[in-house]
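Here chain A shows up in two complexes: once beside chain B, once beside chain C.
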Partner chain A sequence: MTRRNNRHILYVVPALLIYGLVMIFPIGFTFFFSLWEWERFTPLAFGTLEHFTRLGTDPVLGRSFLNNFLYIAYTIVLEGFAGLVLAGMARRMQRSLGFRAVFFAPIILPSIVIGTLWRQIYATTGGLLNAVIGIVGAEPVVWLGPPLTMLSVSVVSGWTFAGYFMTIFYASMARIPQSIMDSSVIDGAGPWRTFFQIEVPLVKNIVVIVLVIITTGGFKAFDLFQILLRRDPLNSGIVLPTHLIRTFFENQDIGYGSALSVLLTMVVVAILLVINTVGKRVTGEIDEY
Partner chain B sequence: MSTEARSPIVVRTIVWAIMAVVLVIYVVPIFWMYSSSMRTNGEIILNPIGLPTRIDFTNFIDAWQMANMGRHFIISIVITLSSTLLVVGSASLAAYGFSRLNFAGRKSLYAFFLLGLILPVQSFLVGLFVLFRSVGLLNSLWAVILPTSAIALPLAVLLIKNYFDSLPSSIEESAEIDGASTFTIYHSIILPIATPIIATVTTFTIINVWNEFMIPFVMIQTTELRPLTTSLYVFSTRHSANYALRLAALAVIASPMFVVYILLQRQIQRGITAGAIKG
Partner chain C sequence: MKRLLLILVILSVAGAAFATATQEEEIVIRIGSATIGPANMAIFEDNIAQFEAENPGVTVQWDSSAGDDYQFAGLPSLLASDTPPDLFFEWGGNRVRNHVLDGVAMDISDLAEEFRPVLSSSAWAGFEYDGGVYGLPLNQDLTIQMWYDGNLFSALGLSEPDSWDELLSAMNTLTGEGVTPIVMGNADAWVAGNFVGLMLYRMAGNEKAQAIMGLEPGYSLADPDFVAALELAQLMGESGFVNADMNTLGYPESFARMFDGSSAMMPLGSWYPSEMGLVGMEFPETGHDFFMVPPLPGGKGDQTSILGLNVGYVVNANTEHKDLVYDFIRIMFSAESMARHSAEGGNIVSNSAANATDSPVVAKMVSSLENAGSLVAPPDTGYNLEMAAALYQAIAEVFEGISEPQEALEAAEAKIARLRE
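And then the complex of A and B:
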């Protein structure tokens, strides 16, 4: 460490300017806006709480929350658990590199490609999925409509992210010492028990991180919902981020849109704080093996 | 050196069979995208599972021309390069300051940076939209370059700073004795050693900015200024009945990504997972 010299702060100024002006400053704006009455882009009067009281009576918001929780529950299974199991199976193959490379691949594609492709696969005319189930004589299904909307979107999420989480789990399981794996075999544990009672507990801290990513990611997910469902007139797949964008950019309701942003920010930060506190207690004792 | 889970042959066979089924689920949609692109729209509607009867690139050429993809490709390249330069340049400078130098407020400013790791894009999007609208930046490439850079910065600073922290202080001591300035030490000693982490940061910034959808969706309504992602959204809405054309457009976008992935697979995996394993 060099001697203290306050001119050295200049090194952090460019990054601080971009980050501060574009990210932090507008957050203050958003919170501030939520306390104003607006006529489109013109602020009328300061000091109203009407946007926050509206949060309590907005039926679409209730629907969005419900859908968000459903999406998180589905994706914990289809992204997280699937990734965990894929990692475990890859460890039991002699050559898994090719498989792993393919499963990871979707995440490099832009969401517009994934969403539009799957919208086409799910389509009622010219759709691949209905044609495939038609081979065994099943009737065509409306995949992107109630009651299947959330499940169908979650499947696309799973297809995109399961390989990503597999890669993370695989990399951390690869650090488990060979002696632990061997002694499990000597003790007569089958592959099922070895995986769930030895390998998974040893990467418990990664499991917590993945849960954090999926849960907070669920409240931030916008692209796939917008691209797969487009306008979604029945709101069967509306989630907090799409509700926010529609309120703000399509209805140009700045006050309520800001209040929704504040709510979304609070939810994400609250989840992080809760999981961080609980997670530390869970992972605290297994940091070394 | 990675460990493995040794298993009996029965287990291996079952695992192999399940993995093969999963592989099909991954490959079929991509294969279908390419094969349907070489069929006519009528053929797809009549029988979505059929294979193309000939090698035909008409749909690819039509999609390229009708979606004006050449233009939107260039816009995406300009946005991605600008953001990446901003991120790598300013993050490596800041990380150097935080890691190797000493000034008033160093620790609190760094903590202020880390705050950005937990904030969702939606927390500042509304405020930023109104801000950009009032200073006339809406519907300009800056309206995408600046926020995508700002989002990438906290993780970039964290990763590069951690890397700098791991370097021994003896590295710059002899240069200091020779009277080298801090900036000389930064660009001719520290930065060249940091190539691996700079590559990681560059990789995830390029991929994230290139794929970004929500920010240009909100910030750019001018057709000619849209990057590839949102221009494709508008294109596929406009041609919602022409499945063959739409799938061909997707194939055109996806192909270069696959080529890059095949060439730089390890680098890309390291870059994309760096965010999750930060701890």
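And then the complex of A and C:
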């Protein structure tokens, strides 16, 4: 019996090996790199913690963290909450395919197209947004500069991903039994109350998943920032991935770049653990769809 | 069935053998480059056609990416790839030195000897290191000149300023006419960084500026002379002499402002004429011209100095096709090609005899170079990149009015203090 039970382990060995090779090994190797002193690409000596002590004195790191959390906060609203509301709206339409297709469409565009398109929309001279506010006599606004940088990038993120999360929420809401919806109508609940007090609580597990996706995505965001802000000379839109890539590629600072990677990994894992723990408490006592 | 299987096996084996044979026969010479203006690229395309005609079975693959992308991510990615370039574009100076230290740049002293008689002696600076030659200079770039709209200047009765006061006066006139005097597409940080970079040398003197930016111990970016240079930038920002969106405006997009009447001047390098293709124009028909940055008030350095550097091509030390790469270079650097780069691309080429001095703009650039008291390196190509990034952020913040010069430079120095140790 014991031998038969152990045999189950064999079935997961290939997956574990692949996971270890592509996930655990690189993380371990990055940590190993961070303990070396480097001269550009040449390792000099092992056994330094200097790169980790430097994390505490790096002024760009503080700004990057702040911007990253700001971006995640904005995108929770502009991607997650907007997706949730759009899903609710789609649910209330007789025929929602066209509506859903319109909001889903941006996700199929490459980042370079989205970034270039929005750079034109945000352009100070000849940009669509400034042309619109110019109609009411407003002065042109530098949308991609401080203090609007993070909000402007987040709006592009929201435009791109809200439809994607709408689809996820829509699929989940579609599984809510019609009897529950009918009961709420009989009990006199209006559309808003039905949405926020019946439908949303019933898809809480999906809300947690979406939060996880947005949070991890927020810590990986790079392409839109790079395309929209270019080198961002004021660092007004610098986020952790940008700081990390500049440290590795531009400064060719392998040791510190590795320490940044380790820190980033630890922060993301810690945040995911918190979301997971809180999520379990919130969703644990209710039927979910 | 067996016969069908046998046929399939034979076909597969034959196919694989053919593919291997084809692979063995085909040689690809890869060239990595920053994006080049249409006029210059056409010359390189002709070079490639000639080389491929002379070397059957050899093809040349030209991989290019926009300057800033190439500098920071494009070239490092190409060099780290399975198909690294055999020959690649580089800005002479610190970057070439780093390639030497990394073992990526080949010592081409043997090839350099062939070109020494025809290339200017000053063109080799930035490609020679520790007794070796690690690249062949194609152009001698002036990195900052003040390009201006001659038609607009004439219409407003303005002439090329000879002094800083005259420049300020011209900028006041332009502002009064609703024109932004200077446009900078500084989203990539280097345009304003190069412009003020020259002012740093002029204000502090070459030796001191080099020590500060060269990270010598005991020096600081917050040096009073650097602060004084940034105070001039601050004044320009506060007075509306530069475009308010300079730190978000892209380099290519900035050219449009020189043609819609909204801006009058742009601080940029000697490649400005060749970039006119970006706006679909030939340089001579633009009515644009340039003057050198006038002497700075209170400047302790050489007020005729020019920010510039030599740019050229480095042979990858790991190339398996050294002889073919040398042959391609011989075509690329032939007197005829050089002459075309100068005449059609408007560049100052390293073969001074090939410079198109019958072109007014090239003649003026060559004259400016000859009359310059010194040629000084831009912060981002001549020095440590982390230092340049910190300095450029300080410059961007001062222009934007976010920080005071002293405060911005102290913050920049704090970021790089450990490098100075």
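What we mean here is this: the second predicted complex is superposed on the first by the 262 of 289 C-alpha atoms of A that agree within 3 Å, B and C clash if a C-alpha of one lies under 4 Å from a C-alpha of the other, contacts with A are read in each partner's own complex, and residues count from 1 in each chain.
We adopt the following convention: a contact is a pair of C-beta atoms (placed from the backbone, for glycine too) under 8 Å apart; a residue touches a chain by one contact, two chains touch by 3 or more.
If you're wondering where the values come from, they're calculated on a predicted model, not measured in any experiment.
Partners chain B and chain C, once the complexes are superposed on chain A, run into each other and clash.
In the superposed pair of complexes, A:145 makes contact with chain C only, with no contact to chain B.
Look at A:186: by the touch rule set out above, it reaches neither chain B nor chain C.
When the two structures are aligned on the shared chain, A:41 is found in touch with chain B and with chain C. With both structures placed on the common chain, the touch criterion links A:116 to chain B but leaves chain C unconnected.
In the overlay built on the shared chain, the residue A:249 is in contact with chain B and with chain C.
When the two structures are aligned on the shared chain, A:233 is found in touch with chain C, with no touch to chain B. Once the two structures are overlaid, the count of chain A residues touched is higher for B than for its counterpart among chain B and chain C.
Of the two partner chains placed by the overlay, chain B and chain C both lie in contact with A:125.
Annotation: chain B segment clashing with chain C after superposition, chosen from 94-102, 112-120, 166-174 or 220-228, is 220-228. Shared contact residues of chain A with chain B and chain C: 41, 123, 125, 230, 245, 249.
Listing the residues of chain A that touch chain C in their complex gives 40-41, 54, 59-60, 119, 122-125, 140, 142-146, 229-235, 245-246, 249-253. Here chain B touches chain A in the complex through residues 2-7, 11-12, 15-16, 18-19, 22-23, 25-29, 32-33, 41, 44-45, 47-49, 86, 89-91, 93-94, 96-98, 100-106, 109, 112-113, 115-116, 118-131, 133, 146-147, 149-151, 153-154, 157, 169, 176, 182, 186, 207, 210-211, 213-214, 217-218, 228-230, 232-233, 236-237, 243, 246-247, 250, 253-254, 257-258, 260-261, 265, 268-269, 272-273, 276-277, 279, going by the rule given at the top. Contact residues on chain A toward chain B in their complex (touch as defined above): 1-12, 14-16, 18-19, 22-30, 32-33, 41, 86, 88-94, 96, 99, 101-113, 116-118, 120-121, 123, 125-128, 130-132, 135, 159, 163-164, 167-168, 171-178, 181-182, 185, 191, 194-195, 199, 209-210, 213, 216, 219-220, 222-223, 226-227, 230, 241, 244-245, 248-249, 254, 257-258, 261-262, 264-265, 268-269, 272.
Residues 68, 72-73, 76, 98, 101-102, 186-190, 192-193, 243-245, 247-250, 253, 256-257, 260, 262, 385-386, 389, 392-393, 395-397, 400, 402, 411, 414-415, 418 of chain C are the ones that touch chain A when the two sit in their complex.
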